[in-house]
Amino acid sequence: MAEYLAKNLPDWGLFNWLPESVLHALAYFVVALIHCILLIQVVAVGALVFIWLERKVAGRIQDRLGPTRVGGKFGWLQTLADGLKLITKEDLMPGAADEMLFKLAPYISFCASFAAYIALPFSDGWVALELNAGVFFILAVMGLEVFGVILAGYSSASKWSLFGGMREAAQVVSYEVPMGLCVVVPVLICGSMDLVQIGRMQQGWFTNWLIFHDPFTFITFWVYFTCALASVNRAPFDLAEAESELVAGFHTEYSGLRWSFFFMAEYGSMFAVSGLAAILFFGGWNGPVPITSILHMTHDVHPILGYLANFLGMLNFVFKCCLWVTFMIWIRWTLPRLRIDQVMKTCLKYCTPIAAVMFAGAVLWTYWLPGGLPWQRPFGNRYSVSGTGAAPTPSKVPSASDLTLAAGEEGGA
Amino acid sequence: MEDLHTVLPFLLGLAWLLPLASFTLIVLFGPRMGAHGVAASYLATGAIGSGFLLSVVALLAWGLSSPDRNAAMSQPAALEGHGEHADASGLDQQGLDHHGGGHHAVTPPRAYSGEWYTLGRFGKLKITIGYYIDALTIGMFAMVTLIATCIHFYAIGYMHDELHDVTDHEVTLSDGQHLRRPGRFHRFFQYMSLFCFSMLGLVIAGNIAMVFVFWELVGICSYFLIGFYIERKSASNAANKAFIVNRVGDFGMIIGLMALFASLGTFAFGDGVDDKGKPTAGIFSQVRAPANHYALQAPASMVRAAAAARVRAIVADHFQEDAEELDEAHLAAPAKPARKRPDFDKIQAASESEIAAEIADWREQGYGYWLLVIAGVGIFCGCVGKSAQFPLHVWLPDAMEGPTPVSALVHSATMVAAGVYLVGRFYPVFAPEVLLVIAYTGAITLLLAATIALTATDIKRVLAYSTVSQLGYMMLALGVGGWAAGMFHLITHAFFKSLLFLCSGSVIHACHTNEMPKMGGLLKKMPITGYTMLVGCLAIMGAGVPFLIGLSGYYSKDSIIAQAISFQQRNPAHGTVFFYAAAGGAAMTAFYMFRLWYMTFLGPPRDHHIHEHAHESPTIMYAPLIVLAVFAAVIGWPVFGVTDLLEQARPAGETGQGVLLASLAYPNEHDSHAPNIHMQATLYAFSTALGGFLLATVFYGVRWLNPNDVRQQFGAVYRFLLNKWYFDELYDAVFVRPARGLAKVIASFDRLGIDRLIDNLARWTRGLAGIDDLIDRYLVDGAVNLTAGWTYSLGRSLRSVQTGKLRQYVMLIVIGTVALTILINFASAK
Amino acid sequence: MNWHSFFFLLFAAISCGFAVMVVLSSNIVRMAFYLIVSLGATAGLFFLAGADFVAAMQLMIYVGGTLVLLVFGVMLTAQSPFVSMKTSGGDWILAFLLSGSLLAFLIPAAFSVSDWREGATPAVGSVDAPPPRNTADRLGLGLLGVRVDKLEDRPAMLRAGMAGYLLPFEIVSVHLLVVLVGAAYLARTKRRAG
Amino acid sequence: MDLLSQSVGVSHFMVVGAIMFVSGVVCMATKRNALGVLMGIELVLNGANVNFVALSSEFLTKDTGGGIGLDGQLIALFVIVLAAAEAAVALAIVLNFYNNHATIDVDRADELKG
C-alpha cells in the first residue's frame, strides 16, 4: 500500500512541487497515519462497545437491566455519554504527587496496549506491521503496560495507589512467565513467530485450528487464558484495583480523561490478548468452514473477491475476539476476587508447571507425530538439517520469502 | 535304558549337589532360619533325604538295565572302536577262561565316566570335574545317603540342646564359672551338609585329582565336627590331631598321585575323549590294557619314564650316527655344501621306533614296575591315614570327642570307610606286592585295635576301636584279594556300626556319661535302644545259623575269612598270619561287643543317680535306630543282591603273580566260593564268634567269673592295653618332642639373630629420620614461612587501597581503561 | 530525506538523551523512568538494525522484566531519605573528567573504520524497503548449531561437530534457574521468633 | 540535513553505544543509591549490546558479509538474559542490605574495607 502510494502520488499532480524524496517520505507518512487512525478507532470504539457490553452483562448477571435509556432502547450510547462527562470533568492532582509521572502514567499504559495492535493481523495480510517476531512483540509491549500502572501508583503519593501498583507489578511480572510458556507452544508447532503465518497455517476446516491440534494445545489454551486474565488484571485477578481493600487501587487519585485512558488501555489489552488467543489457538481469521476457499474468493480470481475474503476473515477475527472478551466479562461478574497470595500460588504452583508440562508434551507430540493427526495438515517449517549436524542446504536457508512459500504450500489444501 | 550314561550322571550329580545347596543356604541364612535356626535341620535333612531318593532311583535304573555289551563300555561319545575291541577281547577271554562264572573277571565292569566341567588346562595337566559311575559308586551312594538321612533325623533330636544357649559343664573358665555360649544348631547341620556333599563327591569323583580335593574336604569337615565343642581343650586337640595325622597320610597320597600323573599323563579313571575327539585311555585301561586281557602290566609310558637313562642313551647314539654320516658326506663330496645342522626329525623317528621296540623287554627287566608299586603304596598311604590304619590309627578314638551323630556318620560309616573305598577303587592299579602291604597293615590294625577295645571302658571308644579293627578287616580282605568281600563288609559294617553308634548316643543322651562302669541295667529303662543295639552287636559279631541264614555281618565276615583261607592255600607263609588274624579278630569282636552290651544294659545299675534319670529317647531318635537295625539285619541277605551289585563293579583281570616277590600269587576271588573253603570258613567264623560271645557272657553276662581277677593276673598286659599300646606316648617322644625342640632352637635364633638385626635397622632409620626432620623444619618450613611473611606484609601495606567505596572502584576501573587505551594507541603509533 | 536515518536519529536522540538524563537526575524514581524510555528507544534501534527478535527480547525481558523488577526495588526502598541522595561535587567533576576522556577515545574509535561509516541501504530517495529477513528462525538455528549466515565458512569436516551456541544456551538457562532460586533465597522474609 | 540524507552506518550506532556506555559509567561512579548503580550497569550493558547488534546487522555495513553475522545478535541475547539474572540477584542483595542496614547507600557498605 505504501509502495502503491509512493508510486502514484506524483502522478496525481497536485504535489509535483515537492522533491521526490519528500514525496516518498510523505507517502510512508500518510500510510502510517492511516494505519494509526484505523487502529486507534478500533481501540476506542472497542472500549466504548465493551464498557457498554460489560454493564449490560453485569446487569443481567445481577438480575438488573443495566443501561437502558441513553441512545434508544438498549442504552447503547451510554458509554459515549460517560466519555463526554469524563472529558468535561475537572482534572484533579494530589499536591504531593510527582507531577510529571502522574501526568505521564495513563498515556504510557494506553500506548503500550495500543502498540500491541501494530503487530496484530486482523485478516490475511491486514496487519500494520508484519513482524517475524510478532508474538513476542505483542507480549513485550503488553508487558510495558504495567509501567503505567506502577508509575501511577507511585506518583499519586497515596498508599492505596502504591499498594495497587506494587501488586500489579508483582502480578504481571510473575504471570509473564507462564504466559510466555503457553505462547511458545503454538509457536513451536508452527515453527514461526510471525502471526500472519501462524494464521495462514491454520487454513481450512476448524480441525486445523491449533487448539484442536493435540490435547496439549487444548489444555495450553486454558492456561493461556488464565494468565491473560491476570496480565490484563481483570477479575478475579484485579488486585491492583481491589475496591474492597484499596479504594480504587492504582487509579484512586485519577479523574477525568486520564482515568478514562486507563480504562481504554484495559479494554484495549483485553481485546489484544483475545486476538492473540484467536490467532494462536483458534485459526485467526479462518472460519470453522473454509467458505472463502470453497467459493474460490482469492486475489488471483479477482482483487475484489480477495478483499471480500479478507473482510470476511476480519469479521471472523473480530467475532472471536468479542467472544473471548465477553467470556472475560462473564468471569468477572461470576468469580470472587483472589487474595494476593492465592494469585501468586495460582501462578507459581499451577500455571507455570502445567504450562511447562504442556510445552514438553507438545514437543514430544510433534516429535512423534510430525504430520499431526491424520485429518490435519502438517504444520510448521521443517528445515532439512542433515544428521551430521551440518547446515541446511543453501536452498533452504530460511528467508521470509522462503518461509511464506513453505507456509503457502501447506496452506493450499 | 540305553541312555543310562546320561541319566545316571544327572541323578547322582543332583543327589551330590543338593547338600551343597543346603550348606550354602544355611551358611547365608542359618541363624535366621526359624527359631534359633531350627529350620536349618529340616533343610539339611530334606536335602540329603531327597539325595537318598535320587540315588535309590539310580540304583533301580541300574538294576533294571540289562548289562548289555553296548552299555558295558559306554564312555561318553561311545568310542565304538574301543568298545568293539573290548568285546572281542572279552569274548576270546571267555574262551580261555576255565573258572566257573569267570566271565566276571574278564569283562570290563560297566562304568560310565565323563566330565561335567573343565576347571583348567595347564599344558598336559587337565583338571576336570568328572564322574566315574559303576555299581560300586551307586551302592556307596545309596548306602551313604541312607545312613546320612537316618543320622540327620537322629541328630535333630540329639542336638536339640543347641537350640538355646548352652552351658558347657566340661569347660570351666578362669573365674570358675562354666562356659555359657549361644547354641550352634544350624552350624552343626551346615557342617553335616558340607560333609555329605564332600563324601558323595569323593564317591562319584571321576579322576584322582577330584578324589584328592574331596578327600581333603571330608578331612576338613571331620575337623570341624570333631571340634564342634571347640571350647573343650580335648575337642580342639582331637580335631588338630585328626587333621595332622591325616596330613601325614595325604603326603604319601600326593606322592602316589604325582607318580601316576607323571608317568601316565592323566588323572581320569575311565577312558574318555580329548578335545579333538581322539580316545584317551584312563588310568585303569592304561594299567590293565584290554589288549593285554586286562592283566596288570606297567604301561609303556611308565616303563619309559623309569628307563629314562636307556632312552637318553639311545637318542644320544642316534645323534652320533647322524654326525658321522654327516662327516662322511662331507668327505665324499667336499665341493657341494653339506647340510650344517643335524636332521632332528629323522633322529627322532629312528629313536622312537627303536624305543618302541625296546619297551617290551625293558618291561621284562622290570623297569616301571617299581613305579607302579610306589604309586600304589603312596595312594594306600592316604587310605591308611583316612581310615585309621596301623601307624596312623591314633586319631580315630580321640575323634569321638565330636557329637555322637558325627561319630556315627563320619567316623564309622562313611568317611573312614573312604580309605577302604579308595583302595577298592584303585584295586586294578595295585600290584600284588602292594596288596601284600595292605593285607599286613590290615591284619596288624585289626589285632591292635581289637585288643585295645577289650579293655576300653568309654562306650564310644570301644566302638571307635571296633571301627578301626573292622576297617582293618576290610583292608585285610582287600589285601588278600577279596575285593568283593572287602567292599561287602564295608557296606554291611557301615549299617551296623552307625546303628551301634546311634544306640550308644542315645544311651549317653540318657545317662550323660560315656563310662560303661557307671551304667548297667538300662534295658528296662530304654528297651528300644537296648534291643536295637543287641541287633547291632549280633550283626557285627556275625551271628547266624550256619549255612542257613544270619545277620549281615555273618555274610561279609564269612566271605572275608573264606578269602583268607583261599589265599592261605596259595601261599601259606603270609596266609597263615592273615587267617589267624581274621579268626582272632572275629573272636575279640564278639567279646568286646557283648562286654559292652552286657555292661550297659544288663546287670545291676552301678550308679543309681544315673539310673534314676535314664529314660528312653524321643521318637525322632529311636525311629532311625529301628530303620538301621532292620537294614543291619537283612542287608546281607542274598535276596538283596548287594554282592551281585558289587560283582558288577569288580575290576577286570586277575590280580596275578607278584613280580618282585615271585612266590606271591593271588587266587581268583571266586575260588573262595568253592564249597569246601566256604564251609570251613563258615565254621571258623561261627565258632570263633561263639567263643568270644560265650566268654563275654561268662564274664559280664552271668558273671560267673570276675574280670578283675583277670586284670590282677595280667596287670602288665592290662595296663599296656589300657594305654593303647603307648602309641600316643611313642609318637609324642618320637615326633612331637623333637619337633618342639627344633622349634625352640629356631625361635631362639629368631629372637637373638633376626630380631636384633631388625631392631638395629629400625634404630638407624630413626636416626636418619631425625636428620630429615631437621632439614624439613629449618630449610623447607623456613622458606615457606619466609614467603608467607612477605605476602603478609605486602597484604598489610595494600590493605589501605581497599576502601570499600564502590564508586571509587568504578573510577579506578575507568582510569585503568583510559590508561590502557592510551598505551595501546602509543604502542600502535610506533 | 531518508526515513531510515530519520528514525535512527529519533531513537538515538531519545536513548542517548534519556541515558544522560538518568545520570543527571537525582530522583531515583525518575531515573528508573528515564532508563525505561532509554532502553525502549534502544529496542527501536535494534529494529532499525534488522534485529527485530533481539528487539522484541529487549522489550520483553529487559524493559518488561528487568526494569519492572528494578522499579519494584525502587518502590520497596523509596523512602524520602533515599529518593534523592546528593553526591559531592568533587565526585561529579572527577567522574565527568574521566568519562569525557573515555568518550574522547571511544568516538574516534567508532569512526576509525571506513567500512562502518556508510550503511548498505541505498542513499537518498529509495522506496524499496530492506529485504525482510527472518531473524528469529536464523537465531533459533544458530542456537541449535546451524549458522545459516556462515554456511560455507567452515570446512564440511568441522561443520559436522559444530554445536554453535547450544552449550552456552543451556548453561545460561541453568544459570538463570540458579539465579532465581538464589534471589528468592536472598530476598525471603526473615521470620524472627517473637 | 546531512545526517538525514546520508545513510546510517555502524559508526553511528557505535556513537550511541558509546554515549550510553559512558553515561552508564558516570551513573555507576556518581550515584550513591545502590539502585542507581544498578541502573548504571544496565546502561553499560546496553551500550555494549548496541555495538553488538550494529556489527551483526547487514544494513549498516557496505560489505554484504554482514559484519560478524549472527554472533552479534546471539551475544546480545545472552547479554540481555544475563542482565536479567544479574538484576534479580543484585536486587535481592540490595533488599537484604536494606533489611540489615536500613539504608541503600553504597558508601555505607564498607564494613570489609581494609
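Note that the chains take the letters A, B, C and D in the order they are written out, and that residue 1 is the start of every chain.
Convention: a residue touches a chain if its C-beta (ideal position, glycine included) is under 8 Å from a C-beta of that chain, and two chains touch if they have at least 3 such contacts.
Since this is a predicted model, take the numbers as computed values, not measurements.
> Pick out whichever of the two, A-C or B-C, is joined by more C-beta pairs in contact.
If we tally the contacting C-beta pairs, A-C comes out ahead.
> Farthest from chain B by Cα centre, which chain is it? Let me know.
So the farthest one, by centre of C-alpha atoms, is A.
> Could you please state the distance in Å, as a whole number, between where the Cα atoms of chain B are centred and where those of chain C are centred?
Chain B and chain C have C-alpha centres separated by 91 Å.
> From the C-alpha centre of chain A to that of chain D, how far is it in Å?
31
> In whole angstrom, how far does the Cα centroid of chain A sit from the Cα centroid of chain B?
Roughly 96 Å separates the two chain centres.
> Could you state the distance in Å from the CA-based centre of chain A to that of chain C?
The mean C-alpha positions of chain A and chain C differ by 25 Å.
> I need the residues of chain B touching at least two other chains; which ones are they?
Within chain B, residues 807, 811, 814 contact more than one other chain.
> Which positions in chain C are in touch with at least two other chains?
Within chain C, the residues that touch at least two other chains are 1-2, 6, 53, 57, 65, 67, 69, 72, 91, 94-95, 98-99, 102, 124, 133, 135, 138, 147-148.
> For chain A, give me the residues that contact two or more of the other chains.
If we look for residues of chain A contacting two or more partner chains, we find none.
> Pairs of chains that touch, anyone?
A-C, B-C, B-D, C-D
> Enumerate the contact residues on chain D facing chain C in the complex.
1, 3-27, 29-33, 35-36, 38-40, 42-43, 46, 49-50, 53-54, 56-64, 66, 69-70, 73-74, 76-78, 80-89, 91-96, 98-99, 103-105
> Note which residues of chain D are touching chain B in the complex, please.
So the residues of chain D touching chain B come out as 25, 28-32, 37, 106-107, 109-114.
> Can you tell me which positions in chain C touch chain B when the two form their complex?
Checking each residue of chain C against chain B gives 91, 94-95, 98-99, 101-102, 105.
> If we count contacts the way the header does, which residues on chain A are in touch with chain C in the complex?
3, 6-7, 20-22, 24-25, 27-28, 98, 100-101, 104, 130-133, 136-137, 139-141, 143-144, 146-147, 150-151, 154-155, 162, 165-166, 169-170, 172-173, 176, 180, 191-194, 381, 383, 385, 388-392, 394, 397-401, 403
> Which residues of chain B touch chain C in the complex?
These residues of chain B touch chain C: 807, 811, 814-815, 817-818, 821-822, 825.
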